[in-house]
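The following pair of complexes shares a single chain, chain A, combined with chain B in the former and chain C in the latter.
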Partner chain A sequence: MGPGSKSVLTIEGLRVEFDSPHGRVVAVRDAGLSIRPGEIVGLIGESGSGKTLTCRSVIRLVPWPGQISAGEIEFDGRDVLGMTAKELRDLRAHDVGMIYQDPFSSLNPVFRIGDQVAETLRVNLGMGRTEGRTRALELLRDVGIPDPERRALSYPHEFSGGMRQRVMIALATASQPRLLLADEPTTALDVTTQAQILALLMRLREERDIAVLLVSHDFGVIAQVCDRVAVMYGGHIVESGPIAGLYNDAQHPYTRALLDSVPQLESAGRVTRKSVIPGTPPEPTESLTGCVFKPRCRHAQASCDLVSMALEPVSPGHVTACPVRPFAAAEGGQAKRAGAEA
Partner chain B sequence: MNQTAPLLSVQGLCKDFGVRRTLAERIAREQASPVRAVDDVSFTLQRGEILGLVGESGSGKTTLARCIIRLVEPDAGTINLDGVDVRAASGNQLRELRRRMQMVFQDPYSSLNPRMTVSAALHEAGRVHNRPGSENGEQFVREALERVHLSAGIAKRHARELSGGQRQRVAVARALAVGPEVLVADEAVSALDVSIQAQLLNLFLDLRDELGVAILFVAHQLAVIAEVADRVAIMNRGRLVEIGQAAAVFANPQDAYTKSLLAAHPQPRLSGVAAR
Partner chain C sequence: MSAVDALGQQPPPVAETVEPRRRASGLRALPLQAKIGAGILAVLFLAGVLAPLIAPYGQNELNFAHVFNSPSPSHLMGTDGAGRDVFSRTLYALRLDLAIVVLVTFVPLPIGVLIGAMAGYFGGAFDAIISRITDTMIAFPFVVLVIAVISIVGPGVKGVLIGVPIVAWALYARLARSEMLVLREQPFMLATTALGYSRRRTILRHAVPNLMRSSLIYSTLDMVVNLLLLAGLAYLGLGAQPPNAELGSIIADGQSTLLTAWWVATLPGLVVVLFGVGAGLLGDGLSDGQLRGRL
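Up next, the complex of A and B:
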């Protein structure tokens, strides 16, 4: 299987399309990604970039009328796109867990928390009632829910947002999956709660060697927990690499502009205008030739119309879809990002 | 520190919300204790100043913002705009006060009328308050759009035909169309993508510089506040726990809650990353 054989998940050439009244819309184009065991990989992008669809494609949860029209998804050496309904159910039950942005709509409001966790264990892992109940309490304790014996009797509405997300993590990791898909897991949470949930994800990775695909629009969150990150724009992955390499030495103009847009605590008391990306992200219905970022790019050239969006290596593990490399030439490729020095 | 009288002055503001009694309380005929959403809050806002108000969900920051323009009636305290008692105002006086203090909400989709064009929404705001120039609709709308850096071409569109960033600009344009002195921006950039958020933050800074409008900027994200605010107020459980110059509060927080908020802010844990 080549050098990628150690990966728990490999995505290649993924394409997701929708039929809309305005014709065929391509939401994800030629996306590729791999995750090794115990690795936390971030997928960052703005709304409409295709990050959530890429994440959901891993367990074939692309919402109707969307469909995966091309590509390969390999989980642990198994071909996900070729799976039968039964195999797919097993994959979702045992091997891949998923948590969503809004834990409240993922929990059943009329059943007690403990019963919901126990039910998952009975159905997915074939545990008996007593065993399921005991194990459910252990799981709840493990994700940091205080006094689980009592809290297991509560209903979802009696839990705070952070506690609900802990329950979701307990459910998603109940069957000891090898991969956890986390789609904006902290976006709806307050910053102090967010810090706790991120710490929990990192602890699970340490203790159980779970690989995590973390989808987020927040570079702060990604930089805090991820080992590697892929940046999506207009359905394409435009740059990916180790987090430090990307953060210090972004080669794609979109990645740089995105980093420059992130609000910084250090700006306090030194208020200046931020350098911003003009315009808005492309609509999925627009068909663009060449580089998707060209209309908003300050380094755009005539040759950008011919760009294929194929990823080319910058340094080991670090790839970019921008062949112009406006930063490599000017700064020798090693310059530190200097957002705070202005 | 500042000799001029403040434009807006809030003293000892309180707001309670009644809660439904639990079954046990109803059986025992007990009164449910109300929730104090805003608890003895005092602050001032100078002309042309941006005051950031930060707090987590449920801290009372939105209730406070709404009390100031009397979308919610406060229970106690005083609100004074440029010498006028806001709490005592009624009728035409209240209408004039609301012209001088405008609000921008988090979700422009629900704060703009879906059946109105951008032009109609902006023109209506001007007409209702008899703004000078509003008799010439086309020019009034064009100027309102220019103020928020939008082209006059979108005037004929409806809210649903605009992107999130454009919609929020229209909401800001409508607030500014009546010539306010205070803008209350309640989570006005929270729902936007970072690249669009940065554009809007620059816009708020431009408006302050060009029009001299004072802004109470409510947000849950500390870093967003850091990008725009001159001074910052931290709210927790209805109380202002700390207020001061933005640089001082962020660099040297005094209150334990402020410290915990700053500590929870996501920071890269990378080695070899320059302080940004």
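Up next, the complex of A and C:
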């Protein structure tokens, strides 16, 4: 939210609810986020924290029976939640691309790779058959498919996971979108492939100025590529800020616990698993008063029952929902995570 | 985070040069039994289509000099009580029956698949209504319905042509619907929406090719059922009207002389059996191929 540059995407007060047999379930509460052009923003959280729903809300692809019940989503000055079906399709076709976790089933098994990419070009950009085919080969080459002329004739099952994810990226970015929603794009891939896909995302950002919303549960992935990061827990965004600020000076106990739970490879063969967050995330059916993280928080106090989960500034661009600030006074920026080791 | 090291530098050249598996195109990719089945059906269909060219006699050509001749080189399937050549009559009967079978199988198929696919995709009230209708259709005694139609439009192939499609789409609809329920949850279906494709394109271009297979496999069975129905109705005299031949009516003619002139009923009967075997082998082979193709 730096001054001067206009956001390509702004989410404010997003609320996603589900009707379930046990009553209304609120999966995302009052989430806010903004992405500037060419920026990679991470959204991190545990399973069920609402990160995928937040991501899908951007193109209104919340799975049934979920629905967006409040909030504002603005893409490039356009109100996404107020769009007609036609406008929404146009948004999905031209402005926002999406890739997701499972590259093994995200391509249609009965069509050749090249035809699938060419179809997007024909349908969404109105290209002719020949033009579409030529451009599809260029796109496949651009995302790092070797020998695209030959591989375009292959079917998805003949591709590895990493290759399929590359094809998905080619598909999602074929119509030059301004924003790419990447929902755990590397979760199903091994570490080397993961690094290649992340490098590809960064290259696309450089070359085409595509903004990326990268959803992940892995701080390692987020730390590699993101400029800013938002941490989600129990449907709330509990902390967000520039990646360096958050990494070195996390203010929310949950962010810190997440950082501490990343295993560190210290020297040959020695892995320290620092800590595991005790307990389980809240059930979305539970109605909690005060801080959602309180039951699992080692710094919980009586006053936590009165916390509103509103984000308060820590430093420019860095906000947290924890008013207790257990780390603010006790430790400096350097001794950041030493305390959690005990 | 060993992956962090890979940052910054260009990704290593991707070492994936797996040869795309050699794909035998079309029929060659099928298992042997499917090929045999397809071969049998091809011969039968060809015989039907070419009946006027290859039949040695006319279908109603009488020859009272050669009544109840047993099979011989000049009458491959012998002759019947009116001296008609059973082989020629069988060819003409095949021609008529296969034409009807193809019509009443492959006209309802796309209609059923489409209705089922839509029901599965959209769900909700539309699905509930379609599902109840298909349940009713499937539960309905099929032969009785066809006979009821025949009682309205009169005997002849018209009854089958109208009666069978009224019901036959329902099974395809149910098949397609259940496949669509699975397919709908597949990420690539979500991808079509995320790419801004219309629902029409999503269903017709992306879902239907994926769910056609089970319907096509079922259609081989359905053809046999329809041929048997046709033969059964003709046997009862509700099919093509004499003197024109249908497999069922030839068999019915020969039935009274089964002990003295076995060939009149038996040999056309074997043609029906042959069709069933061919279609069965094809369907079986196709579904085996499907299992292997999916893995």
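Here is the rule we use: the second predicted complex is superposed on the first by the 317 of 342 C-alpha atoms of A that agree within 3 Å, B and C clash if a C-alpha of one lies under 4 Å from a C-alpha of the other, contacts with A are read in each partner's own complex, and residues count from 1 in each chain.
The criterion applied here is as follows: a residue touches a chain if its C-beta (ideal position, glycine included) is under 8 Å from a C-beta of that chain, and two chains touch if they have at least 3 such contacts.
Being a predicted model, the structure only gives us computed values, none of them experimental.
> Who does A:210 touch here: chain B (first), chain C (second), both, or neither?
A:210 contacts neither chain B nor chain C.
> Contact-wise, after the overlay, does A:46 reach chain B, chain C, both or neither (first, second, both, neither)?
In the superposition, A:46 touches chain B alone.
> Applying the document's definition of touch, where does A:179 land relative to chain B and chain C: first, second, both, or neither?
It touches nothing on chain B or chain C.
> May I ask you to decide whether A:220 touches chain B, chain C, both, or neither, giving the answer as first, second, both or neither?
Both partners, chain B and chain C.
> Is A:118 in contact with chain B, with chain C, with both, or with neither (first, second, both, neither)?
It touches nothing on chain B or chain C.
> Applying the document's definition of touch, where does A:192 land relative to chain B and chain C: first, second, both, or neither?
Touch status of A:192: both partners.
> Quick check on the superposed pair: does A:247 touch chain B, chain C, both, or neither? Answer first, second, both or neither.
In the superposed model, A:247 contacts chain B only, not chain C.
> Applying the document's definition of touch, where does A:107 land relative to chain B and chain C: first, second, both, or neither?
second
> Answer with first, second, both or neither: which of chain B and chain C does A:150 touch in the superposed model?
Second partner only.
> So which bits of chain A does chain B touch that chain C touches too?
In the superposed arrangement, which is not itself an observed complex, chain A uses residues 191-192, 194-195, 198, 220-221, 223-225, 262, 265 for both chain B and chain C.
> Which bits of chain A are touching chain C when the two form their complex?
59, 61, 89-94, 97-98, 100-102, 105-111, 119-120, 123-124, 144, 146-147, 150-151, 153-154, 158, 160, 162-163, 168, 171-172, 191-192, 194-196, 198-200, 220-221, 223-225, 262, 265
> List the residues on chain B that touch chain A in their complex, please.
Checking each residue of chain B against chain A gives 56-57, 163-166, 193-199, 201-202, 205, 220-230, 232, 245-251, 260-276.
> Per the contact definition, I'd like the list of chain C residues that touch chain A in the complex.
1-4, 6-7, 10-14, 16-18, 20-21, 186-188, 190-198, 201, 205-206, 209-210, 294
> In their complex, what parts of chain A are in touch with chain B?
Chain A residues touching chain B: 46-47, 161, 190-192, 194-195, 198, 217-221, 223-225, 243-244, 247-248, 257-258, 260-271, 273-274, 276-278, 280-281, 336-340.
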